[in-house]
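Here is the structure we will look at, set down as structure tokens.
The chains carry the letters A, B, C and D, assigned in the order they are written, with residues numbered from 1 in each.
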């Protein structure tokens, strides 16, 4: 039903979606979102730090919240930590449901909360060195859609 | 940018999403939805008829509309026609964009219009024979969200 | 010759997905209906049945003018994808 | 011993992601700050820095009571996933 993973190694989103969908035969649909490190804007690398006692439990709690809000047959969250390079997948959310609205909304909801609320600290390496990333205003606005 | 396909043979959604994402390196995210024939409810087979002069041009026009409405780096629509069996993928929509909101909304918009507005006629085979499917009220409600 | 195409459950009613009307005449709506079985003709006149001429949906099907070589398609409400 | 953990840019300021304060005392907020470099101590007092004790975020960090063997984590606003 719920599958939440925090990985410190690269992963293959297509294989993960396929595996997730394989035993959700009763679902009419599977929605997903894959977020990657953009190769534009001069970012040479990205580092995501987490704090083990909070980060994975926080992701689990978010998954539980999505399962309460939407009528789902399964929810998958895969999130990277550690060092990432342009083009690397950072996050995958997939939701399976009988009706497509639930799956699509659950992915939307989960992504909004992961992007602004999850216990990650991010820094980017540019030509002039490492820079910590502050929360974006747009992310706060996104999360307020659900309140 | 736009890739619209009407297929009369089974397809592999994961491979199609992977192929779509492969040359969208600049996109920060790829959202997708895969709809399948549900194995529940006693449906033994599903037949989707189309009318060539309208169906594919209609899907192309829908893709163009999504590309105008949302800031996308690519949109993929794959739709089956012909005879389908429980578990078979019917439809795949994938959207790539810089920001996740555009990709997720484009998938949502495109699915809503495909489900109620596309030129397909559907019948289901149950134990007592074939039954034509009438449009669902919920589908009309879904499409009005975008007006 | 004018080709008629029937989609969805109209194909069941017509007994075929398509039929050809031979001849060199241009067919108008009323003359076309007169060539079909009465129950089929009656259904095609219903509000929910739409008509396309050569792939273009007609705003008013009763204004149909089908020249020889054209294709007239009849369809019930779409059931979507 | 009490372990201090610094997340995000606080690790840069502290010069390390973690440090141990040896001893058998229970540390309160003010006594803990007094053991740190003044600029770090000042930053940790800022509104945006939150504190967790043994994995539980404190509603009021100044009420911290860290017994020996506990872990105190300091974090700036999350940048999200």
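Convention: a residue touches a chain if its C-beta (ideal position, glycine included) is under 8 Å from a C-beta of that chain, and two chains touch if they have at least 3 such contacts.
This one's a predicted model, so the numbers in the text were calculated from it and none came from an experiment.
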| item | value |
| --- | --- |
| Chain A to chain C, fewest steps along touching chains | 2 |
| Chain C and chain D: spacing of chain centres that average the CA atoms, whole Å | 78 |
| Distance between the centres, which are taken as Cα means, of chain C and chain B, whole angstrom | 28 |
| Chain A-chain B separation of Cα centroids, rounded to whole Å | 24 |
| Numbers and ranges of chain A residues touching at least 2 other chains | 35, 115 |
| Per-residue multi-chain contacts in chain C, two or more chains | none |
| Every chain pair meeting the contact rule | A-B, A-D, B-C |
| Of chain A, residues touching chain D in the complex | 35, 48-49, 51, 53-54, 57, 79, 90-91, 114-123, 132-136, 139 |
| Of chain C, residues touching chain B in the complex | 5, 7-9, 11-12, 52, 54-55, 57, 71, 73, 75-81 |
| Chain B to chain A touching residues, read off their complex | 14-15, 17-18, 21, 25-36, 38-40, 87, 98, 100-101, 103-104, 107-108, 111, 115, 142 |
